[in-house]
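Two complexes come next, and they have one chain in common, subunit A, joined by subunit B in the first and subunit C in the second.
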Partner chain A sequence: MFLQTLVTGLSIGGIYSLMAVGYSLIFSILSFSNFAHGAVIMLGAYMGMALATKANLGLGLVVAGSVVGAGILSVCNERVAYAVLRRRRAPSLYLMISAMGCSMFLENMVYATIGARFYSFPEFFKRQVIQVGGSSLSLLDLFAFIISMSAIAALHIFITRTKTGIAIRAGVNDMTMCSLMGVNTDRLISIVFFLAGAFAGVAGVFLGIKYLVYPTMGWVTNKAYIAAVIGGLGSLPGAMIGGIILGVLETLVSTYVSSIMRDVFSFSVLIALLICLPNGLLGADTEEKV
Partner chain B sequence: MSGYLDVSGLQIYYGGIHALHGVDISVGRGEIVSVVGVNGAGKSTLMWGIAGVLPIAGGSITLDGRRLPPKPHEIVALGVSLVPERRRLFTTLSVEENLVMGAIRRNDRDSIERDKEGCFALYPVLKERLRQRAGTLSGGEQQMLAIARALMSRPSMLMLDEPSLGLAPMVTESLFDTILRIRDDGVTVLLVEQNAFQALEISDRGYVMQSGNIAASGTSRELLENTLIRKAYLGG
Partner chain C sequence: MDYYLNIVLLAFINMIAVLGVAVFTGFTGLFSLGHAAFIGIGAYTSGALTYHWNVPFILAILAGMAAAGLSSLVIGVPTLRAKLRSDYFAIAILGFGEALRVCFENLSITNGARGLSLDELSGPVWVSGALVICVFLTRNLLKSRFGTMFMSIREDPVAAEMAGINLFRTRLLSLVVSAMLCGVSGALLAHRLAFIQPVMFTLTQSTQLLASVIAGGMGSVSGPIIISFVFTSLPEALRWLDMWRLPAYGLLLVVIMIYRPQGLMGYREITDLFRRKAQ
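Then we have the complex of A and B:
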């Protein structure tokens, strides 16, 4: 029973991590909380579902399609809603308000065109389980966890080893100097938004498979936001650790205490942490951002 | 006037203040030209304006007869590189990554390696610190890295804003020697300094700035020997 709960918690934690990484990437480069991230996740889920049901694609291609689609969507979101404000050197609060507007616009656009119906993904794993020491572990949960961690590991290698990755970290450190090195910062920011969107795409598909696909499903990013803050907003390892801690603790609470207490618990953890460790576990003051 | 870099009638507003009221300077190919003057005279504004970071409100900047493009990354691509005041290193990146950033536009791996070796020849200490975070270097080492980073872009024109700021006198001495060496390698240098006497001593020509205008100009010798200018602008 405990092992089963742990694996479920890890898979949810993995999805939280994916979303939190997207938040953190954008926060670290533009210093604002991108509240439209949830809408990108939601649309990523719809794209994945369309590919799975209309085109009958397998899980691999569904994830790939959703990664590209949500990545492009995220770049468009930046170009339309934030780039203009950035060029006028608007305070980051304005970007945050613009992000909230985008989120509402996209959600209502889905209501108006696709409708409020709840959709479910076709069952990719047909409730397959593997038996480990008397407890049955969901293959989907294991798969979601492994994919999430691999994606984050790949991102880590990308930003530490490649020239573009180094440029992203340089931009986080000092955007003006980054442009004085010859980096086209508009393009650099687009790359960051694409990465955040790609992670949102993966998260959207797994959320959709695990639960359902519906217009307000993006609100689950509240949890990703908590995860990012727990880990230290702007820190990439922090976002990952925060996501996993939150996912596991939440699942333990809903299994052993009460599922009604789950969200109460999550927000209590956030408040307690902000009081004790305002910078999060790996806050930007102690650890390199991104 | 036609030099390599020509600034004419340059006007810049910075933070709502009319910071430059029509500045004219010219830098010939292979020269070291100093811009000196008290704090707040507009020297740094001039540098940020040439580099494309601050928008220009009037006048023109040309390099080799052609107007500079508007964006900083396009200006770097033409060979104009700025080492700003207080160095502005990527402090959370390693020394090596800072050098990678300097050469970020370039793809010629072999000659990047050669230029890196060139930087180590100039500043051997950087080679020992490759994996260290730039923010943990001493002031003098940070200045070395800032110059090395700028050189990694293979500039034809290097702009240095207050490079001696916060350095010990001995370190400043060797900094000025290095600037001469860089010029001898064929790089044109535009140097902004509060340390007016030392700057003019290594320069071919100089401009004295005051409240957003050029107050005086001439060869370094003329400026240094003119007692009126020494008294009024150079504090001696």
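Then we have the complex of A and C:
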């Protein structure tokens, strides 16, 4: 029972991590909360579902399609709604408002065009379980966890080992200096948004498979925000750890205490954390950003 | 006629809440995605008092106001004291609103998700009286030393702190005042609609309040009030466009931020316009 709960928690935590990493990535480079991230996740899930049901693609292609789709959407979002403000050096409040506007627009456009219906993905895993030491583990949960962790590991390698990754880290440190060194910052920011969108796409597909696809599903990102705060806003390893911690704790609470208390619990964690550790687990060490 | 009166009264009630958000977001420059929670607290506190214990309406309104103000301390003290970016506050209050809705849905005193049926107590006199008092008091507050402090924090928190303003206390004051205004609005709303339900106090409502303040002008009292009247009455006139109302609000926020970040009125008031004409 405990092992089973732990694996479920890890898989949810993995999805939270994916969302939190995308959110943290944008936060670290533009230092504003991208409230449109949830809408990108939601549209990623819709794209994945369209590919799965209309084109009958397998899971690999569905994920790939929604990664590219959500990535492009995220870049367009930046170009339309944030680029002008960014160049004008507008206060981050304006960027947040603009992001909120995008989120409202995208979410309600889905309501108005596709409708409020709940959709479910075709079953990729046919509820397969494997027996380990008397407890049955869902294959989907294990798979979701492994995919999330590998995606985050790939991002880590990209950011630490490639030239573009170095440019991103430099941009996080000092955007002006980075641009003086000959980095095309517009392109750099587009890459960051593409990466964040790609992670949102993966998260969206797995959320859709695990639960359902509907217009307000993006509001799970609240949890990603909390996860990012647990790990320290702007820190990528922090976002990953925060996501996993939150996912596991939440699942434990809903299994052993009450599922109603789950959201109240996540929020209380946030408040407790803001009182005791306002910079999060890894946020204090600014040198470790990204 | 009753129909139009009802719309006007609902618009008035909404204006009180918008006034609250204007103090916090417009004048103090902090972003809130959860002011609907304070409306909910005001509505449920006053509703429970009149429903279970037949408390006089005026006391119920005051209790709703006080409860909203106190609950804002729960969220405001930890988040604002850390003197961190306002993002933390926005995220925390988002969670606060969600958690509160779960509580409303599961408590017996609120009658859960089925909602609470109340008496229709807030008539035209109550609503317009409350609006006039709230506008008057808020305007005085904003004209006072505190208003200047709010605005200086909005313009530049670091400079404001250098000038000797206690960021935490001033921001907290602004939050408590805005939550209290939302509480009053909630109490009036509950007894105007004569029915409250947890789903009425969600993010959609918070974003509508925020949209009114931003479209009306951050740093203006009359701008958001005018816009909130338009936002409440326009959907009634354009029923067939109901589906497209929220996407339009979203688009409006983006367009305003790009082309006219100061909103309809900017930092001015409607009275300033008349004054200039008279000269």
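Everything that follows uses one rule, which is that the second predicted complex is superposed on the first by the 286 of 290 C-alpha atoms of A that agree within 3 Å, B and C clash if a C-alpha of one lies under 4 Å from a C-alpha of the other, contacts with A are read in each partner's own complex, and residues count from 1 in each chain.
Here is the rule we use: a contact is a pair of C-beta atoms (placed from the backbone, for glycine too) under 8 Å apart; a residue touches a chain by one contact, two chains touch by 3 or more.
If you're wondering where the values come from, they're calculated on a predicted model, not measured in any experiment.
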Message: Touch test for A:F32: subunit B only (first), subunit C only (second), both, or neither?
response: second
Task: Using the superposition on chain A described above, determine whether A:I72 touches subunit B (first), subunit C (second), both, or neither.
output: neither
- prompt: Touching A:S98 in the superposition: subunit B (first), subunit C (second), both, neither?
  reply: second
- prompt: In the superposed arrangement, does A:L139 touch subunit B (first), subunit C (second), both or neither?
  reply: neither
- request: Tell me which partner A:L61 touches in the superposition: subunit B (first), subunit C (second), both or neither.
  value: neither
- request: Please name the chain, subunit B or subunit C, that touches the greater number of residues in subunit A.
  value: C
- request: Applying the touch criterion given at the start, work out whether A:A90 contacts subunit B, subunit C, both or neither, answering first, second, both or neither.
  value: second
Query: After superposition on the shared chain, which partner residues are touched by A:M109: those of subunit B (first), subunit C (second), both, or neither?
result: second
- request: Could you tell me if A:I260 is touching subunit B, subunit C, both of them or neither one (first, second, both, neither)?
  value: second
Message: Identify the residues of subunit A that lie in both the subunit B contact region and the subunit C contact region.
response: none
Query: Can you list the subunit C residues touching subunit A in their complex?
result: 29, 31, 33, 74-75, 78-79, 82, 84-88, 90-92, 94-96, 98-99, 102-103, 106, 203, 207, 210-211, 214, 243-244, 246-247, 249-254, 257-258, 261
Task: Would you tell me which residues of subunit A are touching subunit B in their complex?
output: 163, 166-167, 169-170, 172-174, 176-185, 288-289
Task: Using the touch definition up top, name the residues of subunit A that touch subunit C in the complex.
output: 27, 31-33, 35, 80-81, 84-85, 90, 92-98, 100-109, 111-112, 219, 222, 225-226, 229, 233, 260-261, 263-264, 266-268, 270-271, 274-275, 278
Query: Which residues, counting only subunit B, touch subunit A once they are in their complex?
result: 51, 53, 71-73, 76-77, 81-82, 84, 88-93, 97, 100-102, 104-105, 149, 153
